[in-house]
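Before we start, here is the structure in question, set down as structure tokens.
To keep things simple, chains are lettered A, B, C, D and E as they appear, and every chain counts its residues starting from 1.
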């Protein structure tokens, strides 16, 4: 029974991911900005339980000055685009950041990790986004967490963090306003991980659509889809495992930069990362099963084709042979001597020879059909 | 030798499971109830070694008041259906529950886990049920365990917990009456895990039926069954591993909410979870072996089809060729000159030409049959 | 070169194993005896370095009284058949056994394990036996170890423990007589594990026989055998791993029920369990390799069949076409006008037309044979 | 839609790697130089924050004397080529090196490792280089690290270390000049590991090229490429895991030969080694997926070929049979008696017999085409 | 381009390995000698830095007496062949050996291990040897290590230990002469492990030869070779892992039977065991890849065969049909009435009918060739 199938997306599944491009042997501890990096836009949020001040600027000096205006506030400097060397240099100098850290900020192929540098934490998250055509964008989101300040760096102007910004604006006197930059760190990281669920669920839906199609008409396109989903899964699993390790490290860290009241939230994020890994693993197994299913179905189809060929050939080839025999021109008379050659195909001159032959042919054909039916070749 | 095979269930094997539907970036620490959630029905059991008082109500206030009537009793508040915001809000406020916990109660895609919140434990179990058509229902069962009270939350009105209710009613002065809410927690969790055995055994029976069928007539439907069972296994394994981890955490916890006399029972439940994982793993291996078997059998069948085609074609094609040769019309005389062309097919004018040709054909056919028999093509 | 092959056992490979049959939610801490359980026969051995007293009875009271006659002796109560409720009840009461333990004794699907209950140890072993038709019987053997007494429970009247009984009878003043019940525990467990070697070796021989057959004539039956052996291996591995864990727990336990002089023997048994796991793992890998081999050989055979078909078809189809062409009836004269149609098949009226055609056919056939030979289709 | 594909490199993918060639049982603690080893060239760098002195020589005495000229400098003795016994002997004696260490220096199949010999560290790295034809050169780079001196040994005159030399020369007052030989050790090891990224990225590009080709025209060469990449991956993974272990050992070591300021750099190198392992693992999974894809595509192609054959055969074989029937020579008259045989093929003498037969043939052909179309054999 | 291929060894790859033959339940702590064991030959070496005394005898008493002649010397008693009960009994009594140990000496299927019995160490190694026909001999080499004496037991008269004996004889004042029996233990074990490299390298060469052949002409024999190598690898890996564990145990042991100066050598042997495991693992992966390659190549070959068949059939079947049509005997005149049947095959009476038909056939054939060429069936 055919039910209408959901449409299959036919665009190519792909990953857009930064590659490590720096030359080996480059002076460690210096950082060069990629040519393709976007110029930085800076957004500053200075907030406490009651007030929120925002600033958008291109000048890092201005941004830092803005945060210093409200010494008791928590501050978030949101740097979008890593293309402005002066912004990065100023931050490095101003906040006394190790060059290795700045290097990791701009070489955007880092695994999620946390590094404790005493006066600050350096944290890396992988921010993933799946566009409509199932292209996976795998971007780096880095954080520098200080006592009253968190600085975030991202490659693109777009991100998945707007829900956090909205909460910050609307949620007067909520946790996000009261618990300082380490809560902000949690909120940002958790939003990133939560977005993994959205992606995995979309991929899961894709797999289910593919499965429905497979059961009705297996075809090459479906295999491409499954392979594509598996490729994304491999990529996401790498990120998710590292997220898990990072959150585990945070939960166990002792640095007083993290507000102890936040550990319980971090544990929740940790649980999410475990759930995501779990989900990805079972989805990968399902994808593998679907591939096996595809292959079995293709080989079933092949069997069916072969059986059709075999049945038709096997029935007609012997019959054609018989027709061929009675198409031979063995002579009734020797043309030279006129002697009748009675042994040469006397069947041809029998009154009912033709009828007999046709009957024999029908019997042979029926015997074969019966044999094939008994073997079950007509079933399934 | 054919023995009558057990019937195969032909309905689709499937999983019904809550998906994570909340939008990423939602304010953590708030909870929204799904639109599809059922309104809550509340069942209260207040019991001690000798007495048992029951109440069914829709009002959580009434339920809580009921438990407070018997201050020395143990109490179980059984909340079925998570659709009543007021019930949840009241419980949160009354018992001072962290919002993150309430969120996990209503977002019913949590992994089994235990969280120690000092004045209470939060415990999640996955309650599984397999309907007749092999649809696996994967529901969340959450517990809040207090000193004298256990509150359980489940999504549906149906569950697998009736045996516990019966024991509670009938087993006067039994462990279930004497050992307080932590024993009730154990009894409920153990009943849930025990039900896994029922499910795994049913799936095992399914696999054995499929195996019996496979050995007699391999066909596509059987492969679908095996794939379906594997899918359920993947899902159950995820739950069973998490159950194991949870029970391990309980055994090692020090909170005095758990009656020490119950640890030995928890260990028994832990053993059960290990057994279940063991069983699932071997069943998964068996399912994989069955798939391999199916594929081998299909390829055997294909071989058989190909051999039939090849034998028939190989025997008749040369014979048909010979018949074709003697069906050629090379002329005995040049029609223009009347000159006899003695080299043109003199065989046709031999007295026994036809007989010789038939003999030659039979010899060729027999030689081929002999050759194929020697190669073993007629065996198996 | 064919050597005579060993016979292959054609009976179905199978596992006979208790399934968990108790209903979920049964009162934990009670035990119900399966309907199929055999009535208990009790054998008592009371022994010291010099003397051995034996008793066979159906009455547990009598058996216990018998052990109390010789207060300084070690005693072994060997309970065969678990169908007598009174026997089990008496033992539970007399020796103050937790109900959970008694439950595990009669629900004979437990994993091997050891539980330390202070005044006694509860130990479970899986006793395996392979009958001639390669049916694996997987029975539970449970022990209660006290200071001067060991009680063993088994499901069937048959077992693999006779060597221990013989040693007990003949080995006057040997370790078995001197080292008390904990040595008896060791001797029984070690005999059980040693029997695994016998089973694995028989399965190994089976695999080698199958391999020899495979190299000479691959066929479906062989694949069934390999699949069967793999199934048994999966089952044995589960048991062997648990045996290993159990022995490890015993070696590390501190309870003075275990005579310290016996730890060295336990370590030896532990070594055996490791060896068994090792053996099973490599045998499983070999079984998998054999399956791959089978599949490759089947696909080789298919290749050979296809090549035969292709060679014969490819050679004769073009020749048959040529014969067909000269079997066409294009007329030499227009029958209406009598005009000679010189372009219609003049070959038929050439003096050597037939000879030429035969030569052309032979050339085409040879060219094809040469081409296929060059392609290596006649090799292997 | 065809896009122009990148060229595929058609040279064979290969590994050039030292094999263990010493005979077993050789006196441990002696070392013999391989016959193929190159004579040693020695480069000495003696440097501090401001000055750099270089020397190129063949004489190890001269080199050591050179380092002693500047007692406060850090020194790097760079030995290229391991063919000069006197060089190695002198170093062994002069610096009091255990013979086992010298043996590991010349037997260049060691895994990456670090050995703490109190007065010096012995460190092994595997230096990999991929030439244009995708030949992987897997060379050993060994270090002896002393307080003020590092000696490096490599097999070939070429290496991947020029970036470090350039930095040493240009980076006046940089870390490399100030932090002593242990920073030099770090710089060299990190450059080696960084080069792994270059290699893995090139192999990743290769895989992507292969994938693009696969989707357009799958062919055998592509499979060879994938297999080749997998082989290199296996080799690199072995090295990368050992690098990781080595760096972990260094980070945890307490010997004061390692400047504590360098641990943070070592941790960075450790992160790189983790990233490399991660990358290799996902690339290996991708390579495996590509192989599966190749096989599926080949089997799709086969399906297509078979369907073509089957459609053509199935349509024409019955038609040919019909034509064969009407090519039979059953006689209209008995030649002896002249009696008309009305049952012998009366169709041949019907006014429209030919037309009818042609019509029947067309109908049969169309019916088959319709049947195959319905079955979906003309799609995809 | 064909290069001359190295020869392939065509003998069967096999393992000769002792099986566990003792019956389960045998009295643990007694040992029975296998019927096939060789009578013992005893070689004694008594040595110090300057002197070496050797003795060959059949009498164990004589051998022990010989070692007692030089009380300050180190001694090695080398027992070849385990068939002499009196030798083993004498050793057991004389040196006070636990019966379990003696049992392990004669039951030669033990895993490598070390057991610390206070006054002596019991050590087991697996000595492997590959004969020319790639038969792997897996023999047990056991050691008893005392303060001044090491006794070794081996099953056969042949072994791989001659290099150690030569070193002992020639290396006056070397480590082997000075460092006592524990160095001798090291030297023997290391020689055994080193021999694994020789074996693995030979198997690696075999795999490379097979790979070269595979790329030129894949055939069944090659698959047998790969399967054989995999089988040996499984066996060697088991031994190598246990060797690793054993060496690790030795390095961490505190018994003063091991000269502390030897730990560094043991660590070297440990490194070797790791390298061997590494090598085996990558070789196993390569063997698996080769099998995949073989299967792909076979399926490619099959494709090629099928394409040939399909092209030839598809081209000629329609042509043969056309020829068949014009071979039909539809009559020009009704023989009874003499009426001309103008609709019966008028083509046959057209002046150029034959030419037209030939042209049509050529066109059809070319069209098909063009179509197949476009589909890429003639490529590769």
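In this text, contacts are C-beta pairs under 8 Å (C-beta built on N, C-alpha and C of every residue); 3 or more make two chains touch, one makes a residue touch a chain.
Protein identities per chain, from UniProt: A, B, C, D, E = Magnesium transport protein CorA.
Worth saying up front: this structure is predicted, and the values here are computed from it rather than measured.
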Shared interface partners, meaning chains that touch subunit A and subunit C: B
Gap in Å, rounded to a whole number, between the CA centres of subunit B and subunit A: 25
Gap in Å, rounded to a whole number, between the CA centres of subunit E and subunit B: 40
Interface hub residues of subunit E, defined as touching at least two other chains: 299, 302, 306, 309, 313, 317, 320, 324, 327-329, 345
Order in which chains appear around the ring, subunit A first, subunit B after it: A, B, C, E, D
In the complex with subunit A, residue positions of subunit D that touch it: 160-164, 166-167, 171, 174-176, 187, 190-191, 194-195, 197-198, 201, 204, 215, 264-265, 268, 271, 274-275, 278, 282, 285-286, 289, 292-293, 296-297, 299-300, 302-303, 306-307, 309-310, 313-314, 317-318, 320-321, 324-325, 327-331, 334-336, 339, 341, 343-345, 375-377, 379-380
Footprint of subunit E on subunit D - complex, ascending: 19-20, 22-29, 98, 100, 109-111, 113, 217, 219-220, 223-224, 227, 230-231, 234-235, 238, 291, 294-295, 298-299, 301-302, 304-306, 308-309, 312-313, 316-317, 319-320, 323-324, 326-329, 332-333, 340, 345, 347-355, 357
